[in-house]
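Beneath this line is the structure, given in structure tokens, with notes to follow.
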Amino acid sequence: MAEISLNKNKIDESTGEVKRRGQIASIWFRFRKNKLALAGLIIFIALIVIAFISPLILSYEEDIITQEISNRFQGPSLEHLFGTDQFGRDIFKRILWGSRTSMFVGIGVVAISLGGGAIIGSISGYYEGSIADNVLMRLCDMFLAIPGTLLAIALVSAFGNSIPNLMLALGISTMPKMSRIVRSSVLSLKNQEFVEAAISCGTSDARIMFRHILPNAVGPMIVEGTLSVARSIISIASMSFIGLGIQPPNPEWGAMLSEAKTQMINYPYLVYAPGFAIVLTVMSLTLIGDGLRDALDPKMKN
Amino acid sequence: MSDLIYTEGLKKYFKTPSGMLHAVDDINLRIPEGKTLGVVGESGCGKSTLGRTIIRLINATEGKVYFEGQDINTFDKKQLKHFRKDAQMIFQDPYSSINPRMSVAQIIAEPMIVCKTEKDSKAREHKVKELMDIVGLAPRFYNAYPHELDGGRRQRIGVARALALNPKFIVCDEPVSALDVSIQAQILNLLMDLQEERNLAYMFITHDLSVVKHISQRIMVMYLGECIEQSETDELYENPLHPYTKALLDAIPIPEIGAKKQQNIIKGEVKSPIDPAPGCRFAPRCPYAKPECLQGKIKEVEVSPNHKVSCILYY
Amino acid sequence: MDDEKLLDIKGLYTQYDTDDDVVYSVNNLTLSLSKGRTLGLVGETGAGKTTTCLSILRLLPDKIGKITAGEIYFDGKNLIELPEEEMRQIRGNDIAMIFQDPLSSLNPVYTVGMQIGEALKYHGIYKNEKEIDKRVEEMLELVGLPKERKNDYPHQFSGGMKQRVVIAMALACEPKLLLADEPTTALDVTIQAQVLRLMNDLKEHLNTSMILVTHDLGIVAETCEDVAVMYAGSIIEKGSAEDIFNGDKHHPYTVGLFASIPNLKVKTRRLKPIDGLMPDPANLPKGCTFSPRCPHCMDICKTEEPPCVMMGGEHMIKCHLFTSK
């Protein structure tokens, strides 16, 4: 509606000032209206804070890996908020410590898949139909045909079990999807007149891709990114669960869940805490992702 | 007078699944320094493709485009980059033609960064402010983002960006058709003032015959990729020859009561430019069509000096 | 006034409540239309032309747009007070609307015949399928399309033909009032001429009243008997086409509008556009809404809303310049 869209031009003719609500501010304005997304953001920030301060208040040697057999299988109490595990370690402390690995690996995986996906997607999108596009996309198809977790398992088994390798493996397995998303945005953006305008002043292809096209494609990328942080945390958890991820005694939510499975029937509280932590993180990120998707779409404004 | 840019048998075909699309077919035109050539035609007649081919935004299929005596289709990378400074373009859609993620200052400075004409950032800032002043954008918009501005102001950004490299030739692709009449007049005045001050040559592409009459010295009428009539502006409006030109002129609504009583409205619609049949492409809609119209290529006839028409009625 | 008024809008106010502010789209609009006449509603983007049409049909976007004051009498009934059920019967049946973009007003998955028949079926004018089918064929021929094409899908038609289909849809129920919102803006000039002629012929043939919304004064001169010029949500000048095009007294905005169009007949080196921009409808200036751009602005214009001054006959100008007389 013309009348409504006019409203976007916030120019006050009388005072001659542009009422500033920059893009980021208006995205924040729309995001804030989604209460669930806001709740997700608050939870996520809290988790990040926990991840950062846990090494300050806890000692790895004393609180996390020291076994106290006399104290094993204590139910939740004031002293041990979530109880203790089969080695008598405090589960609450291990959850706090484990947030570091889960968050770090989760965000790292997404950084790898975003970076790689952006490069692959923009090259194959910009040179649509070229040999490079075909080769890259067929490679993506091949990777997409293999289930992500299976691919990651194969890669970790091949390159050895370590946190960087795990991140790389999960990053590579999510990269094809990211590449496809970037490619499709690039395809629709490269025919816009501002790209032609850039060509008409002799701008190089690389500059057109990274200065003109990619910044306009960040919307879908951010959304996919937040959602895939959640997915990678689950993947790490499941990798740890089958013994390929983080190795004991290092606490990691998925690994903790895996260790607890043998005692689950007798001591069910063992699975509650790590399970709840994973669900909370994934849920907060999913909510943020949903909220961002709406906030980044200007059409959702009204 | 020397011609800044001229073409010889310029063609641009596109391969489509259903055949060869003749977007631009055998165009010969010339634009002298500091003058405007208006290119008129209905949607799908290839006028935008012509504008893009003439500054090599897309490569021609056949034919030559001479700029200052050199064929631009033979330019290597370095020469092409140099040519880009001389030939610029102003786009139709003030919304999609500027990058929504860049500020006004960044958009106008971009060509200078890319072509390294102003390496010093202070000098660049100065130049950007000067350009904003020239096109009538208040300095307070320096850091504004496009979505904060209306269509007219956005189009001014487009003009400023085109001027940033001091070009000699600008292709204006329907620069005012997306704007309201009062804003349209402001932009037309701006373009005409700039032409006078800087001796710019324009190729002005439009479907609006009143606008094109106002701004150009010479007009070319296109139909399905071909030029069907070319003439000085006043001559074309006083003495249109081709039946299509006549029909076009008749079809413009004139804001006067009883300006014209009963005009001849041509029937039918524009046919597809994919694999066109030989002969005159307007023949299926032409009230004067004869069997000969569809036999072989129609020759261009120079009826009077500088007035050329492609129609068998004038053989 | 001997002829009956079909549509009579009195003091209409329509606004949109958006996230940040309230957009005053139509402000104190008074307008009437007699049977069988065509009114040209002229104005620039954001003047509130489309909103006026949507208000008449009560099709404003849910929750955002609402009519805050005024009366809209159609055939003696106040549309604003009508229950939604009755309003639904009036839409399409008594009042039809043609939208600017023929592409988006046709559903791509149904044949055009089905789409024209839809309204007939809904309003229950024709009972059996045969009758509807016959009427659909009649309508297609009326708008100059072969009746065999009723089984074709919208993508098989060109832009001008699609607009013909849309016109056939709008006229199928023989509405008393047709609201045409920039019906030819998306079309080429030669096609525009065909469609305008068609609409003119049909209007005479069916004796339909029409409000033609446009920004093109040329189209108005060719098709309309009455003209209303809209600016920032209200009518600033109205009268017969004769008054607007040939009269010597005009609202300064109308003068500016005429000076902005390049004239085919008169050679001018420079156009004389109106300075400045349309006011932000969320933040309208006090007094006369045109005052910040007006070359004849006086002190009173900045504080008081100008009255509607009758200039003789139907000619009305809403401007302080003419009050002293």
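The letters A, B and C name the chains in turn, as written, and every chain counts its residues from 1.
One rule holds for everything that comes next: a residue touches a chain if its C-beta (ideal position, glycine included) is under 8 Å from a C-beta of that chain, and two chains touch if they have at least 3 such contacts.
On a predicted model such as this, the values are computed, not experimentally measured, just so you know.
Visitor: Report the chain whose CA-based centre is farthest from the CA-based centre of subunit C.
Guide: A
Visitor: Hey, which pair has more contacts between C-betas, A-B or B-C?
Guide: Higher contact count goes to B-C.
Visitor: Roughly how many whole angstrom separate the Cα centroids of subunit A and subunit C?
Guide: Each chain reduced to its C-alpha mean, subunit A and subunit C end up 51 Å apart.
Visitor: Where the centres are mean C-alpha positions, what is the separation of subunit A from subunit B, in Å?
Guide: Using C-alpha averages as centres, the distance is 48 Å.
Visitor: Indicate the whole-number Å distance between the mean C-alpha point of subunit B and the mean C-alpha point of subunit C.
Guide: 32
Visitor: Specify, in ascending order, the residues of subunit B that touch 2 or more different other chains.
Guide: Touching at least two other chains: 150.
Visitor: What are the residue numbers in subunit C that touch two or more other chains?
Guide: As it turns out, subunit C has residues touching two or more other chains at 45, 277-278.
Visitor: Would you mind listing the residues of subunit A that make contact with two or more other chains?
Guide: 6, 9-11
Visitor: Name, in rising order, each residue of subunit C that touches subunit B in their complex.
Guide: 44-45, 158, 160-161, 188-194, 196-197, 215-222, 241-242, 245-246, 256-265, 268-274, 277-278
Visitor: Name, in rising order, each residue of subunit A that touches subunit B in their complex.
Guide: Counting only subunit A, the residues touching subunit B are 6, 8-11, 16-18, 22-23, 192-194, 196-204, 207, 212, 215-216, 298.
Visitor: Taking the complex as given, what residues does subunit B use to touch subunit A?
Guide: Touching subunit A from subunit B are residues 52, 55, 57, 80-81, 84-85, 87-89, 91-93, 96-101, 110-111, 114-115, 138, 140-141, 144-145, 147-150, 158, 161, 164-165.
Visitor: Could you pull out which subunit B residues touch subunit C in their complex?
Guide: Touch residues, subunit B against subunit C: 42-43, 150-152, 180-186, 188-189, 192, 207, 209-211, 213-214, 237, 247-248, 250-257, 259, 263, 265-267, 269-270.
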